[in-house]
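Submitted below is the structure of interest, expressed as structure tokens.
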Amino acid sequence: MEEILLETRNLTKSFGGLKAVNNVTLTVGKNSITGLIGPNGSGKTTLFNTITGVYSPDHGEVYFEGKRIDKLSPHQIYAKGLVRTFQTPRLFQKLTVLDNMMVASRNHVGDSFLNVFLKRRSWGEQEAKLAERALEILELLELDDRKDTPASELSGGQMKLLELGRALMTEPKMMLLDEPAAGVNPTLARRIFEKIRQLRDELSLTFFTIEHRIEILLEHADWIYVMHNGSIVAEGTPDEVVNNKVVVDVYLGEA
Amino acid sequence: MKGSNLSDPLIYVLDMVVFVGIFSILAISLNLEYGFTGLANFGKVAFFMVGAYTSSIAANMGVPYFVCIVLATTLAGFVGLLVSLPALKLRADYLAIVTLAFGEILRFIFKNESWIAGGVRGTTVPSAFLFVNLPIRTMMTVQIILVYSVLLVCYIVAQMLVNSPYGRVMRSIREDELAAQVLGKDVFKYKAQTFTVGSAMAGAAGSLFAQYMRFIDPYTFEPFLTFTVWMMIILGGPANNLGVIVGAFIVQVLERGARIAKDYLLLPIDPHNLRVMLIGILIILILLYRPQGMFKESKVKTPALEVAKKWKKSS
Amino acid sequence: MINWGQVLFNSAVTGSLYLLAAVGLTLTYGLSKFPNFAHAEFMAFGAYAGYVVAEELHLGFQLSFLVAFLATAVLGAASYLLVFRPLSRRGASIIHLMVASIGLGFFVRHALQQIWGGAPLTFTVSWSCFDVGPVRITTLWLSLIGAALLMSVVMHLILTKTKVGKAIRASSSNPELALASGIDVEKIALITWMVGAALAGVGGLFRAADTRLVPLLGWEILLPAFAVVILGGIGSFYGALIAAYILGLAENLGVVLLVSLKLSTDYRLAIAFLILILTLIFKPSGFGKLFGEGIKPV
């Protein structure tokens, strides 16, 4: 594999007596599309939450670009270039689609209190540029005609797309996607992943994505981790994983 | 409120105009905290009181009014910052309890420590204007100009703040703090800054109030005042600065209406009790049947809106 | 020379009052998920109801407790059914519920003030006063401690042995889970609100008899009540039980300290505030977790 961008070592997080994330050690290579699969309740989202600072780990470390990030708060992790989406979109309900996108932008001059008053021209120009960029992304996701709609009025599928669009707006180095295409119609789901592929190729982004539908990952992922009951039970290329008896058992056991 | 002068209906109206102005400043300050940022500040009266007392003590020491109001605003803002440091990490209900308790404790201290501006007995306050021998109508007009100038400044500052990327972040924090954090915003910093600004504005209002009333005591600053400001926000429509000014106007009308009812309708009920009971019931009714208030939330008006308007699909 | 016996006894008295005041608050807070600021007026209402019976109808003090209990239960039911449940059903936010509770509180308080005026009223019931060694005791205080003890025993039995009680425990600490387990949370909520208010009313009556009756009676003990609720863990009866007496002890020790420092003993209120703040800063979930109850802070 190429250079490692994200790494966890012995990462553990418990709630009460339950180990939701149990001694997880994994790496995500730069420029890869790495998948994370596993039955419901296997700890995938908790793992994401622990990596992105929403939870602090009980044990273990997380490294991004070689530096430890497990003690950082979520907004500091964003600053390092690591961005995540939520499985159930956490949109800003009363804000418009466009405003949702704009909030996600990075290093906005107008985000600082004093600059609001003292650097009006500067942030005004930046606003205009960011708005253009946001609208381009929205157009890609076919949401541009809803730019003035409050996020609460979007359909379920549109909400997922906006969630993704917001993450794209952040100019990340790496994106942790939590089921980005769940609940979206198959054609659009396919398009989303093609887009992810494209972004990886053109912008050298790295993706670590939780996905329920193995078929999609088989087509697009470079490497897959399989989680069950908080631990990584298998990993490998899509072909290896599909033919892995442990994985089959884990999924059959759920059926 | 100002004694015998109120028998002149014009003076009564002008008095009301002054009150609407002062309370509009309070309403805008709470609007920034709750309407835009979602903070459950139930201690607004505390900062109003800090401003009033600071200004009064300074004025009684002979300090020119311009400096008094600046001191009041600064100290109130500073106290707001101090309170925000431990308090803003708490979730909404805890924050409400703590800010409410803070207001009560502060009032308690002012009551018990008689060396602070007379304690229970209160203190007289010189007017901002030293020429006191002019006709009352002129005095009132001058007061209105003072109060509304400060209101204008607060309104402009508030509008600039909310119609900016910063203001957009404030609203995002209100909607979903975690999402805002994950998108790179230092939520605590925004909340603390907003709370500080809101407290400072309340302090300015307190200063104006003290010099207008010419007398303050701890009993003036009871929790009901905080509650009436909340009423203004909820009635006018949170996150709309013009809306909450309208809310301030309506609440003043309601408060005064109760007093007029006693004088002219000879109701067997104490107007003070009537006024409080009326507002208590009204807010419950509004929360039940029209919780979004009268006016919709204002949009984030930045250059982004214009770009969006002119946007044409590229394909 | 500090009269430690008196300090301990006073702590028991204060703690008992705070317990009666706080039980209803913590249970409804846990169940309906918001702090009911009108709880102060439940206390005042009960005191006035008791006053009517004892001082206006001259029907005796014992009866006044029963009436305070029942009348405030009705107020609690009315508050829940007319204000809080409709608001919850319409999806009101916690902030809206809190504002509504403040509005309700103001309404009730000023209605009381309108009827009885703002001037302090006193109970003419005479209590006997006697000394046990260096400790001064009155029968009122003994009744208060007795009432709190009785209530605790009864509550414990109800909460552990009866179906309703177990449902209350479940609903106060985790309403969603309770609902999912098939508990009729709305019915339980009504009962909780009624009982909680009733106990507050009794507490208020004791307070009025011990000091004097004014409309602001409830507000005077609201802050300590909240301190007890938070320290004990929201929604936890047992937590409140322990926290009430801890606060009672802390306050009375604090009074000793204030006196020795020649400060006004009025500042005992600040002790409750201090405990409240410190708990929120260092252990926001309070004791509740010790009993597997109480709500998670996030």
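Should a chain be cited, it is by its letter among A, B and C, assigned in written order, with residues numbered from 1 in that chain.
Everything that follows uses one rule, which is that a contact is a pair of C-beta atoms (placed from the backbone, for glycine too) under 8 Å apart; a residue touches a chain by one contact, two chains touch by 3 or more.
In this text, all values refer to a predicted model and were calculated from it rather than measured experimentally.
Taken as a contact graph, with one node per protein chain and an edge wherever two chains touch, the assembly forms an open path, each chain linked only to its neighbours along a line. Here B is the chain whose Cα centre lies closest to the centre of all protein Cα atoms.
The distance from the centre of subunit B to the centre of subunit C, with each centre set as the mean of the Cα atoms, comes to 32 Å. Centroids built from CA atoms put subunit B at 42 Å from subunit A. Centroid to centroid, with C-alpha atoms defining each point, subunit A and subunit C lie 47 Å apart. Residues of subunit B that touch subunit C in their complex: 34, 38, 40, 42, 86, 90-94, 96-98, 100-101, 104-105, 108, 112, 223-224, 227, 230, 234, 269-270, 272-274, 276-277, 279-284, 287-288, 291. Contact residues of subunit B toward subunit A in the complex are 157, 160-161, 164-169, 171-172, 175-176, 178-187, 193, 297, 299-300, 302-304, 306-308, 311, 313-315.
Against subunit B, the residues of subunit C that register as touching in their complex are 33-35, 37, 83, 86-87, 90, 92, 94-96, 98-100, 102-107, 109-111, 113-114, 223, 226, 230, 264, 266-267, 269-270, 273, 276-277, 280-281, 284, 297-298. Across the complex, subunit B is touched by residues 52, 54, 73-75, 78-79, 83-84, 86, 90-96, 98-99, 102-106, 108-113, 115-117, 123-125, 127-128, 130-132, 134-136, 139, 144, 147-148, 166, 170 of subunit A.
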